[in-house]
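The two complexes that follow have chain A in common; it is paired with chain B in the first and with chain C in the second.
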Partner chain A sequence: MTPPDISTSADLSAPVVELNDVHMAFGPVQALSGASLTIRAGECIGLVGHNGAGKSTFVNVVNGRLTPTGGAVSYTGEQAPQDQVRNSARAHSAGIRSVFQELSLCPNLTVLENLRIPYSTMPRHRWRSLARTTVIEALDAVFPDHGISAHALVGDLSIAERQMVEIAIAFSKRDHDARLVILDEPTSSLDVSIARQLLAHIRRFCAAGGAVIFISHMLGEVFEVASRIVVMKDGRIAEARETADFTHDDLVEAMGHVVPEGDAAQAAEARAELGPEVARLPSGLSARQGEIVGLAGLAGHGQAEALAQFFLSRSSKWRADDRPEVVFVAGDRARDGVLPLWSILRNLSLATLKEFSRRGIVNRTAEAALAQDWQQRIGIRADKLTDPILSLSGGNQQKVLFARALASAAPIVVMDDPMRGVDVGTKKEVYRMIRSEAATGRTFLWYSTETDEILECDRVFVFRNGDISAELTGADITAENMLRASFEMQEAAE
Partner chain B sequence: MMMKPDTSNPVAGTSPNLLVATIRKPWIWSYLAALLAFLATMVLSGGQGALSLLYAALTFASFSVMVGIGQMFVITLGPGNVDLSIPATMTLVATLSLKFMGSEAGLILPGFLIALIVGLGCGMFNFALILLLRIPPIIATLSSSFLYQSLAIWSNRGLRIKPPEPLAEFSTSGVLGLPNLALVALLLAGLAWVVLERAVVGRWVLAIGQNLRAAQLSGVPVHAVRFCVYVGSALLAAVTGFLLASFSGGANLNMGAEFMLMSIAVVVIGGSSIAGGNSNVPGIWGAALFMFLLVSMLNSYGLGAGVRLVLTGIIIVTVVIVASKRKHSA
Partner chain C sequence: MNRELMRILLPVLSLAILLGAVFYLQPRAMSYFGLNLLFNLAIPVALATMAQMMILMVNDIDLSIGTFVSFCACVTATFVQETPLLGYAILLAAIAGYAAIGALIYVRGLPAIVVTLGMSFVWGGLAVMILPSPGGAPPPWLRTLMTLKPPLVPLAIIAPIVIALLAHLFVKRSSMGVLLQGVGGNERALERAGWSIVRLRATAYAVAGFFGVLSGMALVGLTTSADANIALRYTLLSIAGVILGGGEFTGGRISPIGAVIGALTLTLAASFLSFLRLSPDWQIGAQGAILILVLAARLLVSRREAAA
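Right after this comes the complex of A and B.
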C-alpha cells in the first residue's frame, strides 16, 4: 500500500532488480538457464508460462530464497558488499516482497500477528496496536470494504480472505518500503470483484513508482494490468515484450500451446441425452446422470461446504464400497488432497484401492498399470511414478488428484475448484476429458471461481450467502447472468 | 517449478540394487545397534554364553514386539495417537484369564478366549471414548488405563494364581532352538507386515496418518480404520499379557509397567515416524532385541537399573532428533 516516497518518482525507470545470465540447477535438472531481465521501478511485469516452465524458480531467485548456481542478481539501494549477506536478506532490504501460490500465513495466529512475522524489526513496545493499524490500513487500501478484522484468527477465514490478508501484508508499510511485490497466482482464489480491486491497486502502486511481478494463468488479467509481458518456457525467457506488442493468440502460442478452435461447437455436439436425476441436495441443487453441473457465485458463499457435505453424505466413515458412489477432487491440495509422504503412484491409486483389490490385498500390478495409464492420459510430468508427490509442481500435483478421482468408476464426481494453479493447456485437456466422461453417463458437480470453467457446464447454480440464488441453463449461462445473480441481493440491501 | 526428484524414497522404492536398498531402509539402524550391544557384551564375557544370551533376547524381545506392533499401528495414525492403556490392558487380561483358568489345564482355550474378549472390550472402550466423547487419544487411553488397572486390583486381591501347567510349559520352551514365544511374535510380525505393506487397510492407515481429511475425501472409511487399529492394539496387548503371565508364573499388578515406555520405544527406535504416516515392521524386532541386549550389556558391565533408564531415555530422544533432522534435509 505504501508508494515509495516521492523522491523515487524522479528516477521512475531506475532498475529495482537486475538478473544477469542467471542459471539455477537442481542436480541434473536445469530449472532456469540463462535468464537475464531488468525490472524497473513503475513497471508491472506479467510472467506467464505453463506448469514447470520455471516461473516459481525465477521468482524465488529474485526474492533471494534460492541462490543461483550461475550468474548474478543485483538489487538497487544496496550498501552491503554482496557476498557478505545472504541473498534473502539482500532482497528483503531492497524491498522485495512475495505472495505465494500456496498460502503461507500461520492459521493459528490472528491477522495482525501474521504481519509481525515478516516485519521482524517492528518496535517491541505496543507492537500490537501498530500491527493492527498497519494491517487494516493495508487491507483498506487494497481491498476497500473487505470486512476482515485484524483480530480474526487466520484459520477461521475463508481461502479468499486469507489470500487478501496475505496480499495486503505484502503491500503494507514496514521498515523497508515495498519496491517490488511478487504476486504468484494472486487471483486464483479471489472472485471477480475482489480481483478487480487488486488489479486497480497494482496500477496505483506502479504509477507511484513501485514494481510488480504478476504471475497468472488468467491471461485477460495479465493483459489488463501488465506493462510488459515475460513468457517463460522450459526454464528460459522465451519472449519479453511490451504488452501492446502481444495479442492474446501470440501469447498462447509463445507459451507453446496451439490455439484451440471450434471449441464451443464441439461442446454443443458432445451434450448427450441426460439421464434420470442422480443427486439432490437439501439446498435445492440437483443433478441428472451425465450432466455437468456448475456451482458459481462469489468465493466463500457456501459452494465448497455444500460439496463437502454432499460427498460426506454419500460416503461412509465406517464402510468402503467396492464401487463408490461419489469421488472428490480437491482444490485446496495441501488440506484436502495430497498425502505428502507418499509417491505419485500411491497418491494416485488411493481412491481406487478397494475397487482393484483382491481379498483385501492391494493388486500392485493393476495399481502400476492404472497409474501408468493415467500418467499418459492426463500428462503428469514426472520421471518415475515412484518419485515423491512433492517433487512435482503444483499443477502436476493437481493432475494426480484428478487422476485419483477419474480413475474410479464412481458415477458422480465432485470437484472443489480444482483448477487452481493449472496451466491453460492442461485446463483444455481436462475440460475435454470431463466432457467425454460426462457423455458416458458420469455426473459432475463442479465448483469454480473462474467464469470460463462455469461456461463449460450444462446447468449452473449460483450461490449467495450459502443459498442458491439462481439456476441457469443453456443459453442463459453467461458471465453477466452469473454476476447479476451473485450481487443482486447485496445491492438491494444497501 | 522444476525440482530434482528425491531419489531416496522410503515408501515405494524398488531399487534393483538390493544392498543399496537395504542400507536406505530406516530399520537397518536398530539391527546394527542390537549387533553392537551384543558384541560389546561378548567382548566382556570372551564369547561365553552367546547362544543363551541370544535365546533370552529372543524370548524377552517377543513381548516388546507384540505390544510394539499394536502401538506402531496406533502411532501411524498421526500426531496425538498413542495407546497408553497397553500396560493396564495386559494386567487386566492376565489377572482375569488366569483367575478363570485357576491352573486347570482343561480351561486353557476358554481362558485364552476370555483374554481376547477382555482385550476386545478394552479396545472398543478406548475408541468409544475417542470417537463419542471426542477425547484426545492420549488422554482417553491414559484415563481408561486407570479404570482397567483398578479393575485388575479389585479382581486380583493380592492372589497370585499359577498358570495351567501345559501353558507354562509352552511359554517357556521352544522348538528347533527357537523359543515358542519368539515364533508367535514372528508370526504376528509377519501378519502385521502383510497388513501394512500389502493390504488395503495398511494403505488406509498410512493415508490417515498423513492427512486425515484428504484420506476421508478419497473414500477411506476413517472411523472403521481407526476402530480396527485401536482394537488391534488392545488385542495384541491382551495376547502379550496372557503369554507374559504364563511365562512368569502368574499375573501380577505391575507386570505391564515397563511396556508403557517399551512399546513406544521399539516403534521409534525401529525407524517408524513418531509423527505418523510412515512405519515399518522389521524395525520393531531390531529395536526390541536392541533394548534387551542393551540391558544385558549394562548389567554385565555392572551398571544398575537407574543408568539403564537414563540411557533408554537418551536413546529415544536421540533417535527422534536424528529422524526429524533427516526429514528436514531430505
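Right after this comes the complex of A and C.
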C-alpha cells in the first residue's frame, strides 16, 4: 500500500523510457526503423501518423509487448531491474500502462473485477473492496460525475462507458504506480464533454510527474494536450518537436497529407438535386434519394439505435432478397463487422454473394474480380486478398467493410460511426467515394461522433436523449449549431 | 446487480413451477422422505453440471463428462473400496489428466469439442476395463455420507445448496474465479496483462475434473454399485443444466447457482413425467420439450431486457 509517490520521487524531466535506435521487423516488413526517443516524466507526447505509419509497433515496443529486433529500450524507473527479465515484465514494473484501441475489457465481468486482470499482484484478502474503491477513485479522478457503478457488468455498459472504465483502470493505483500511460485513440468513442475531462486529467497527471503518450487522429486534441508532438511516417520518426513549434498545417504536411483546400466549395458543387423520399422513421428521421443524412449529437444518445432499428425493419425477412434494400457499415468492427476467421476476399464479398451466384453456387472468378476492383478503388493495403482479415490494420479492415457495403447494389447505406480509428487520408478518400456514390442516387444514413464528418452531410439530425433535437440543412450545418442542439436541451431540462 | 437477479429468476421460477406441479400430482412427495427421493439423484447431476460449467466458462465444451463420471464411479466402486491409496491416486491422476487435456487443447489450438469427444471413448474404455460388468461397492464412509439423515432438511436439499454456494464462492467471488471467467470473456486482455492462459485453462479443466470425480463418487454412494455406462446421460444433462441456469455457450457468462438449479429442474422433470404416468419411451422427448419451453421463455425475457 505504500508505493513511492510519483509527485515526490520522480523529479520532472527524469527519463522514464529511452529508445535508442530501435528497429523492429516482422519477417521482411520493417515496421519500425531507427527510432530514438526519450520520454521524460511530466511530458505528454502526442503521437500522430496515419495507419501503417508504425505507431502501434512503436507503442508496443515501449510497453514491452514486442522485443525489438535491433537497438535497445531502457526503462529508468527505479523499480525496473535491467537484467534478463522479459521486456513486458520490465515495462510493467516500470509503471507503463496501455489503453488499446480495441477494447480490452472482459464484458462478462463487473467493472471492479476487470481491475483484477491487469493487477497481477493484487492481495487475495478482501480484494473486492480494494478493487471497488480503487476503480471508483480512479473513475472519479478522471471522469467526475461518470455515473458508472463498480458492480455493473461491463457488457451492459455503452461503448463510451467501457472506454471510460478502461482509461480509468489504466490510471488507477496499483502495486507499481503509473509512470507512463499510453492512450491509443482514447477519445474515439467519447463525446466532447467526456473527452474534455480526459484531457484535463492528462494535464493534471503530467503536472504531477506522470508521462503520457497520446495517440489520436483528432489533431485538435493533440494540440491541446501534448507538450511535444512526434510524427511517424513509414516506420520512422519523421518529426519530434515541441507542440508550440507546430502549426496545424505543418503537422498534416509532416504526416504526408496535403491540406485539402476549398473543401466546402467542392462539397457544395457536388450537391445534386435529390430524389423522392426513400426513408422515414417514426422518430422523424427522413432521407431522400441521393442524400447524405448525418446523425449527430453526443455519443450514445440513440443514434446507433435509430440506425439499427431502421436497418432491421428493412432487412429482417424470412427470405433474403436478391437485391437488399439496405446495407450496413459497422463501427464496432469486432462486434458486428468483421468475420475474424475469414479471408479479406470473403469478408469483402459477403454482402454481394447473391449477385454473382447462380443456383446457389458462388462464381469464384467474379468474386475475385470484384474484390480486386475494390482493393484498387478503396486502397486496401494487403499483399494477397486471401490473407486472413485480421492480418490487416484496423483502418484497412474498416476499408474492407466499406467495400463490402458499397459493392452491393443496395440503394440505402447505413453507417454506424464507421471511421473509428481510421486515418485522415483514408477518411478523405471515403468521403469522396460517398459523395460520388450519393451523386449516382444512393442514400446514406451516417452516424458519426466526429464533427468534420457531419459537415460532409446534406442534412443533419442532431440527437439528444434518443430524440431528434434539431434538423439542420445547407449552411446551417455548422459545428456551433450542432453543439448547441446537443447541449441546449440539457440546460432546459435541468 | 439487478440484471444478474433477472438472469437467475427464470431458473428459480421454472423449478418452482415444476415443483408445484409435482406436489399437485403427488402430495405425498411433500415430505422429508419424498423430497429426498425426488432430489437425491440430483446431487451427482449437479456436480457434473458444475464440471461442465467450468469448461463452458472458458468457451469450450466437454462431451466427455458423462463417461468421465462413469469412469470415476467405476474407480470408486472398485479401487477406492479395495485399495484406497491406489484408488485415490487414480482419481488424482484423472484430475491431472483433465488439466493436461485443457492445456493440450489450448497449446495446439484444437477444438475442444473434438478432443473431448475423443476422450469420452478413452474414459468409457477405461471404465469397461475396470468394471466389465455392473458391480462393485462404495467405500463405507461414502455410503454413510450419502445416506446421512440430517434433521429437518434432507441431504438431497442441503447438498445442492452447499455445492451451489461453494461453486459460487469460487467462481464469482474469488480472485482466481474472476480470472477464469476473464478467459472466457476476453482471453487477449488477460494475455496482454501477462497471465499464462495455458495455466488458467489447465486450472479450469482441473477444477472440472475435480467436480467430475466428486460426481462419480456421489453417484456410487447413492446407487451402491457402479457400471461403465452409469452416467452416459450426464453429458447432455450437464450442458442443458448450465444453459438452463442462465449460462451461455460463449463469453464466459455462467451462473453456478443457476446451473445447480438447472440440474435440479432437469432431475425433477424426469420425476414429473413419471408422475404423469407418461411411458418412458416419451420421457426423453418430453424432457426436451420442457427444456425448449424454458429456453424460449428466457429468450423472450432477454429480448425485453434488450428493448428496455
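Note that in this section the second predicted complex is superposed on the first by the 478 of 494 C-alpha atoms of A that agree within 3 Å, B and C clash if a C-alpha of one lies under 4 Å from a C-alpha of the other, contacts with A are read in each partner's own complex, and residues count from 1 in each chain.
Throughout what follows, contacts are C-beta pairs under 8 Å (C-beta built on N, C-alpha and C of every residue); 3 or more make two chains touch, one makes a residue touch a chain.
Keep in mind it's a predicted model, so treat the numbers as computed, not measured.
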item	value
Chain C versus chain B on the shared chain A, clash or fit after superposition	clash
Chain B versus chain C as contact partner of A:A72, first or second or both or neither	neither
First, second, both or neither for A:H151, with chain B first and chain C second	second
Which superposed partner A:A244 touches (first chain B, second chain C, both, neither)	neither
Of chain B and chain C, the chain that contacts the larger number of chain A residues	B
Which of chain B and chain C A:A207 touches, first, second, both or neither	neither
Partner chain in contact with A:A479 - chain B first, chain C second, else both or neither	neither
Touched partner set for A:A382, first chain B, second chain C, both or neither	first
Segment of chain C intruding into chain B (one of 117-125, 153-161, 225-233 or 261-269)	117-125
Chain B residues within the chain A interface of the complex	1-6, 9, 11-14, 194, 198-201, 203-204, 206-207, 210-211, 213-224, 273, 277-278
Footprint of chain C on chain A - complex, ascending	65, 88-89, 92, 98, 100, 104-109, 113-114, 116-118, 120, 122, 124, 127-128, 151, 153, 155-156
Chain A-touching residues of chain C, taken from the complex the two chains share	1, 3-4, 173, 175, 178-179, 181-182, 184-186, 188-190, 192-195, 251-253
Footprint of chain B on chain A - complex, ascending	26-31, 52, 54-57, 60, 235, 308, 311-312, 315-321, 324, 327-328, 330, 335-343, 345-346, 350-351, 353-354, 357, 360-362, 364, 382-384, 386-388, 391, 393-394, 404, 408
